[in-house]
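Naming follows writing order (A, B, C and D), and every chain is counted from residue 1.
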């Protein structure tokens, strides 16, 4: 596939561009001088909007990337001798090139999970060595909502994990790079499955759902992350012209743009699922609960298809692939993609 | 001063907004899907433009902030047991909250300098302990161009520092957060006082000169920074929607927008200098060679003035203050500011 | 159990003291002045003796602890964006409180293994993401010889792992905290199952086998770990009075003291195994190939027994315990311990 | 000079061996088994003895080296965004290969001082940027007692620094690698110029005064360094056979061995000073208050002399050299050294 064509594919929800409403707000704040580094009125407004979603006690700080939001959020509530427990498939384990370890000094412990979701019983293997100085001290359980497998935790599942964490004097961290997709999937406001469900630290993302750049590190309870402002600066994540991140969040939260985008994206995923399920020889391997579809198809079909559409292999041994829909995926994209896959499958046999 | 007014002040060149031409290019690239993380054609084009400025051998990578560009550029060419030598007033020493030490593990050694500029004879005090395992091994000399004091290194001064560094098996790093202002001040293309003058690693900034966010780490000679792509990701500086940083550099380098902005900014500084020099009781403490003016004025005058204009104290003991002009500073801003200062000074006596 | 009694137990081979021959050599080097930090003739001699064992190309550096030997050995051959793959039960994963992550910045990836030993097929799940900047780059496979489970790799098993590592452009690291026990178990000189079997980096320990303190980081091939002397100093592991570590290695390697001690220790383990196997209701869970015995016994028996002998639980869920013999374990200790266990078991029913 | 000769020189107080009383105690604890990692009765006793010296509230932990004691002591009371302020000549700045920066992430800020001693007025240049997130937050003032220049702080000088630190919400750290020499010089018990003078964190050394290895990190006030036991393990400084470090401290503190050794060493320094002052053409540059003598002599004389005695250049530009006496320096060593220097000086003219 040629990059130049800029055809909408299913590689990642960050291959899409910026939603017009976000762009408009960026332009709106672009006049005159304003104080740098987040002391401006736009940032104050964006923080206020996030607090409205997450609770008045939440402390919100903007950073540039999802990796940064995760790493700095974790750094804020750990010391170097701690460990963070997560799923083997978690972004902080698989896709951040060791940034959590490098910056926090902590050990990242993993458990295998078939659907990307953690459950207390899976975590027990790491619940030992507390107080024993030879052993990294477990301090945080980190989950992704929605998960890297496109699945979504229910409120009860999150509550259960939060209780489990707190019972062990640990905190619950949520990687919310695709938080809006989860909210739409659950049909709940953000707060219901974050703050109110016991989550302590949240990465609240938007780049995968129509924003340009910028994520929010949210400490959902008072007293967490003393000194976080220094951590952000030392972590090279303090934006000088912060108003332009703030503008994006203002656009994203105003008029529920996040919901509009994520609803569309999730709906496209369901439509794509429906069409793929009708194609013989292709297997969908995960519940489609947000905007990701995981499927097994013959390797040579995948190769052929990938010359027309950009998408990623997930598990090469199983010939499993990932498709992501986005806020701008069109019904036609879905139809055409499914058609091509269908044709290739029939030619394959 | 109320933030809300958004009056143009002299606090920092990053209090200004984004140049319309930059904004336009951002909008231009915002259509359709493109590969994330810098494998897109826009990034390729921006890199090509930077290579044209800096030499075909230069390796260019985009990051988010000036601090990140400095830290990752230094990390690319050091091991943790090295030291980096710089001016006491350097950004990497004073204004990055220890990010260089935290991320690289290196020691940052400083020398005092009256004008923000290093000279070989100032550096000699740190030229010892080579090969001695008890001592951090000096590996990099880091200079800012233009400096934090608004001064500008001549080509010869840079050449001399590069030769000194290379003679000691060290590298020369340049923090170019205000590189364009230096280029305009020297009347030279970038290459003449970077690559061709012996600089090895460069932070090529634009945010302080009309861009929104994004800086470029440039290794100017082949073979430096093996593995830098991993370092950038681990450093939490890999943008998913990289095309929007690329777009800014395309706008910045096309039609010499950088020159237009920096010329204006430097000219405004000279005009401001001229007017301030006419005010009795106020002393300008540094040569005005780029877009910064340093002045000593009575503390109570500064207090009064700062209720109308936002600017920073530089040295509180000396009652020294810093004024920065920007690409959007208007002549009227200058005139009004100088008038207010003049009035306050006369009332002061 | 009262600490004060100093009864020989089975808690760890580091609960024993220092072998008299080691103590004697320490006293022998204690006269007059000698250069500090390892430039002394005793250190030169100790290094020579180690090179005789491991090959003339090996580079040997002394540090204080086994954790330090592992961490600095790994740091010498990695960059922060790398990963190290090891067994879930490995010391670097379970017992170093995150020291590898903190100091190297690397990710430590694990695989479960029933006997503490890695095999290529177990490692495959981590053999992906090479060249992909989002993913920590696998650089080292780390094995323990003998393992934390008391098992011992055969030469062929090591060769196979080395070949697998090298085929993937990775290195093979060996944690040899109990290297002598493995050598005795295999009936081979050190070199046969380290350097000659393809191991690249070795922690050569002695503290668990009659020494007082001090371990050796050994790079077994030329060109590894450039700058290691700085790494050791920065890692806080450079001994000023190095001659006293050197003396211990001289004693340890002269007259094959290591073999005498490890042979005894291993033999005691076999004797203990034999006696325990005769006790009904107690299960030995691992092959006894060095000086560790793993057994399952009823929890209340273990509690009772631990009031008389100090030893560690291994897996509390399984009621599995670890017993370690040492260079100074006496036959009587074995007999009495087995007797007590036997009595308690019979009373348990 | 040949290393092999083991002639007593003046290179460093760590070129000497171990005092017989220390060796004897090491042998005394070497029987039977005892719990590892510091839970043994010998360690308890050594800690008790140190608490007797420093106050019952002090928390004492043993590590291996002076560098480790400094770095971990500082790590215990800082977060990565802090800075530590010290003298340019301090061990943590000059002689630890960046270990403080690497492990703590903190910035080390320095001030020049003619005699190795800090004073509040020297520190003021770094007393800024509090609360400003761009700037490393000053958290600790670190002094050496006695200093690297052989000078000794008076109790009042320490009090003044402690007050200054505490007034700025900072702590006072003391590198006591040569603490005994200072105590003897002041004629005071340790407590008088540490705990009682306001010091918060102390590295209490003994290796330079007759011990073999091992230093003590002492937090002198309750509540400092929560989690330090994890920090020590993660810092690779937890000794398995801790009883052998403990034994040394027991010997060192019992019967005031520290005083005997340091008194002798200091006295030898004074004798050496007296004799050197009588030699024309040689200048002593620092007050001789502990066991170091700094002198300027012609470079060729120094070269000749260094073929007979091992000692270090201090400032090559000034042709300044350092001589250190030790607990085992003999009067004859002094006489012979001074004679040789005298002869060489006369031949020099």
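Observations on the model:
Here, a residue touches a chain if its C-beta (ideal position, glycine included) is under 8 Å from a C-beta of that chain, and two chains touch if they have at least 3 such contacts.
Small disclaimer: the values here were computed from a predicted structure and weren't measured.
Among the other chains, D has the CA centre that is most remote from the centre of chain A.
Remark: among chain pairs B-C and B-D, B-D carries the greater number of C-beta contacts.
If you average the CA atoms of chain A and of chain B, the two centres end up 33 Å from each other.
Chain B and chain D, compared by their mean Cα positions, are separated by 41 Å. Between the Cα centres of chain B and chain C there is a gap of 51 Å. Counting only residues that touch two or more partner chains, chain D has 80-81, 96-98, 102, 105, 133-134, 137, 230, 233-234, 238. Within the complex formed with chain D, the residues of chain A that make contact are 37, 79-81, 105, 133-134, 137, 227, 229-234, 238. On the chain D side of its complex with chain C, the touching residues are 3-4, 6-9, 11-12, 14-18, 23, 26-27, 29-36, 39-41, 63-68, 71-72, 96-99, 102-103, 207-208, 212-213, 230, 233-241, 244, 310, 326, 328. Partner chain A is touched in their complex by these residues of chain C: 80-83, 93-98, 101-102, 105-108, 110, 128-129, 133-137, 316.
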